[in-house]
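Several structures are given next for inspection.
Across the two complexes that follow, chain A remains constant while its partner is chain B and subsequently chain C.
And then the complex of A and B:
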């Protein structure tokens, strides 16, 4: 009985309620009105067409990161290095834009090449973490984290060194590109570009098709569940692991390229903005399902954008979004564990 | 650089290693019991904020440290409950807690951000501190730095020379055998996870009340240190002295980054600050590569004398985690 759909939903919604109750208690403990804080977040994410567009702008890199992570998670890998892979995607994209901006190529072609370069950059950085894991025995979590810091340093060095603005280098990033090299947005004032939206949706569909309906997905799953058994069954194990890293890195690199070519139009120090780390949370919350990854990523993006106004309006720190997200993932994880424990106990007594 | 400045700098390396040592040795204890606590990064931020807030509110440094230890123990309890009782992945729970505790620290710490607060003063040891060179290096510190020296010896002694310490090793290496020997594996794992969390939790107030006194929110410069601590634990091979070498080596590198800064004006300061990270990957590679199958295979092609030398180096560097690390234990399997 504990394994049917109804019970799953019951435990799931129970976990969400506990998470919300605890967040509410914490906000109240700081002497603030929780309802006012929530209203502010909702207002900040849906209050005007402009902020709603910002939610979609922020959904794109998050959905791309989550889609990529579904591959590495299926392969049993914790690709924490995704943050650096996004950064490298942004760096490669900037590099391509810089090298091609004064050539005879049409702006559309330049942007296309730059986005492809970004995907390549993310992929190479992911393969580095993958090679450290498969050939060097370095746990992908620590290899990936180390590479994240290296990517940040590389980014800063480029912004303050070779690619610095004419005159003085600054934390505001490199010199913006010419407007014809910006990905076209739906209107002049809006930051929302339709092409990245389509790309992110396509990434989720690709993840769904490959993981749910392909031979590759099935083999990758076998590798993730039990690499030893998969190897004995004749599945090329490390090749599948590297392939999942490469796919994840390509999606992450695409996210970085979008941030450069469609959102900031330049390289900035915190270009990856934590989307990779949040993507890991989204993937865990949806229990690695490609179906729910998109909507939950949208919800997380709305929380993030909605909380930006909190410090100004309520003198609350915008990290409240992260607190809600963290409690949600933690309690859904624990709720599921509790359900399975009760299930085991019940089966044991039968 | 003058000799005095050098001595002063090295003495600073020892004191800035104190929080790292508490983190690494605390984690070593729970990992030896078979439970890895990946929440470290967020936990340290939360206990740094909480410890500072507690001591700001009460005016007592002792209560600040106590609060830090309590926060560490509480976070570890969640890890233990989720992984031992609910049998969830330790990596998943640890990662979520690392993110959650970090955001909680920033959220709850918002009102006390940048406030001036109490900080630990130096307590030079009378007599010993006036010894030339060694006096400045070892005996002009605050209480937490002295405690960090002691902790290295105490944890070594406990793990290697006492009966419960041997049992602790059994919990992580072969829980079944420990169970047959009469140990209540899961209860002991709970105990050591919480104890390790409390010790590592002290790292937070050591930062906020001593090494980097105060709470400055996102610019406290503490984000990331927990991940470093976890990798030093691997480098340390779950042995206290080796772990201590890792911690001191890391602080030394960070200090050298600061010292070398003026010599390289073209390199932004942020770049030198991350210099230890590629080295961290490299050391992890060195301690793990001996475990890789292809290394063994390619070594077998080498002439005997060369092979033996390389194998010796790899074995010396090699670190093998406790065999049952991360695996739940069930007595009726």
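And then the complex of A and C:
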């Protein structure tokens, strides 16, 4: 009975309610009106076409990261190194833009090459984590974490060193690229570029098709559930793991390239913006389902953008959005764990 | 009805000949045409002219790089706007602080400014050098919003970054003078002859401010203390940003410690926050008498009263109030301001753009500071040659006075200073 659809929904919505109740209690404890806080977040995310566009701008890298993580999670891998993969994507994209900006190539071609370079950068960095795991015996969590630090250091070194502004090293990043090399937006006033939006949607569709409707997806799932059994069944295990790393890295690199070419128009120190870690939360929250990844990523993006209102209007810290996100993931996972435990106990007694 | 009757009356007037009528009609037609052309051309002109006057009410949006209560740069800007609220009736303030991509990942500063516009702001003040690119982006995309870009040089016709934008005003105070005063206070106090300068990141502004502090210190060392300039050690260490970002910048606490542990007994802070004062208090409490000079904010000495020699600070209020009034009454004009102190009283809150609050100075040091301020007021110019850059190239020939551009865009530290001139 605990395994049917109804119970799952019951446990899921119960977990969400607990998360919301706790967040509400925290806001109330700080002497603020929780309803007002929520109203401000909603207003800040949907109040005008402009902020709605900002939500979509923030959704793109988050959806890309989440789409990538669906592959590694399906393969039973914790790709914590995704932040570094986003960063490397941004670095490769910047490198390509810098190298090509004064050539005869058309701006469109330069941007296309730069985006491809970004995907390559993310992929290589992910493969490094994968290789450390398969050939070096380094758990991908630790390998990824280490590579994140290396990526940040590399990024800072480039910004403060070889790629610094003339005479000035600045946390504001490298010199912005000429507007011709910015991904075109829907209007001068808007920050929303349609191409990345399409790319992110395509990434989610690709993840869906590959994971739900291909032999590769099925085999990857087998590897994720039980690599030993999969190996005995004749599935090339480590190859599948590496492939899932490569796919995830490519999507993460794309996210980094979008951050450079469509959002900041330069390389900045915190270019990955935590989208990788947030993507991990989204992927866990949707239980690695490619169907729900997009909408939940949109919800998380809306929370992030909407919460900017909190310090402006209520003098509340905008990290409240992070609290809600964290609680949601925590309680949904706990709820599911509890349900499975009860299920086992019930089966045991039968 | 009235106009109809009038028109009827005109046509019916027997004194009018048809020729006169025709002439009048022609005149009216020309008038209508002129009005039409103007109306059509207006949007074209609108882009090149300042935004429409805000009238008797104005909501100001302030974007700060650090926390609004950082006891440094951001708080000085916040207090400047509080001054505006008190002095200019009809103004309201909305603000966002910690506007940097490390504290608010995924956001851009222009996006944050738009959030303030959504709250009714018609004037946005970008109060940090870090926001330059985004302020230009924002001002270009929103020609209907007034923009103050503090510390910027985009509206300086003679500047290197000139980009005319009708809606932007740059405001900066001549902190160079007060850094010189800080240098005097440091030189008059140091027992070891070693002064440390805790620098933020390396750019034109920070180079010229560090150099100003050195010029002041050297002046007092040679002219007041009659000592050999070669005996004065002035060392600059940059942390990499305006304030500490763990894991990204060098830790200002450690840099201050390093100064105090390696012979410096005065540290002049050039960063937005007050670590140097806290460390000086710590060392002094442990029995090693050292001093610090904080920066930016008039009350920045509060964290270490006994060890702070004084504070060179910005007084943004008057300049902000002036720009705000102009935005309201329609006299806004894009420009670059580099405002002087009020030499009659450098600490006058209504007239002086920069000031220096004296702290735990000895009697001799305090007199030295007063004497120096008096000399500056009378026209003493320390930016006078002969002066060499750090690598030995001539910066000013003997007797040559530096132009504003030479000072603003100082390409290196000066000869006699130790530390990195250009980021490598």
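Quick note on the criterion: the second predicted complex is superposed on the first by the 350 of 350 C-alpha atoms of A that agree within 3 Å, B and C clash if a C-alpha of one lies under 4 Å from a C-alpha of the other, contacts with A are read in each partner's own complex, and residues count from 1 in each chain.
Rule of thumb we're sticking to: contacts are C-beta pairs under 8 Å (C-beta built on N, C-alpha and C of every residue); 3 or more make two chains touch, one makes a residue touch a chain.
In this text the structure is predicted, and so the values were computed from the model without any measurement.
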First, second, both or neither for A:276, with chain B first and chain C second: neither
Partner chain(s) touched by A:161 [first = chain B, second = chain C, both, neither]: both
First, second, both or neither for A:44, with chain B first and chain C second: second
First (chain B), second (chain C), both or neither touched by A:188: second
Residues of chain A contacting chain B in one complex and chain C in the other: 152, 156, 160-161
Chain C residues within the chain A interface of the complex: 94-98, 100-102, 104-108, 110-112, 114-116, 118-119, 130-133, 140-142, 201-204, 240-242, 245, 247-249, 411, 422-424
In the complex, chain B residues that touch chain A: 38, 78, 81-82, 85-88, 91-93, 95-97, 99-104, 106-111, 217, 224, 227, 230-231, 234, 266-268, 270-271, 273-275, 277-278, 280-281, 284-285, 288-289, 291-292, 294
Chain A residues touching chain C - in the complex, by the definition given at the top: 44, 47-48, 50-51, 54, 58, 61, 152, 156, 160-161, 164, 167-172, 176, 188-189, 191, 263-266, 268-270, 273-275, 304, 308-309, 311-313, 318
Residue ranges of chain A in contact with chain B within the complex: 26, 30, 78, 80, 132, 135-139, 141-143, 145-147, 149-150, 152-153, 156-157, 160-161, 277, 280-281, 284, 315-317, 319-323, 325-327, 329-330, 333-334, 336-338, 340-341
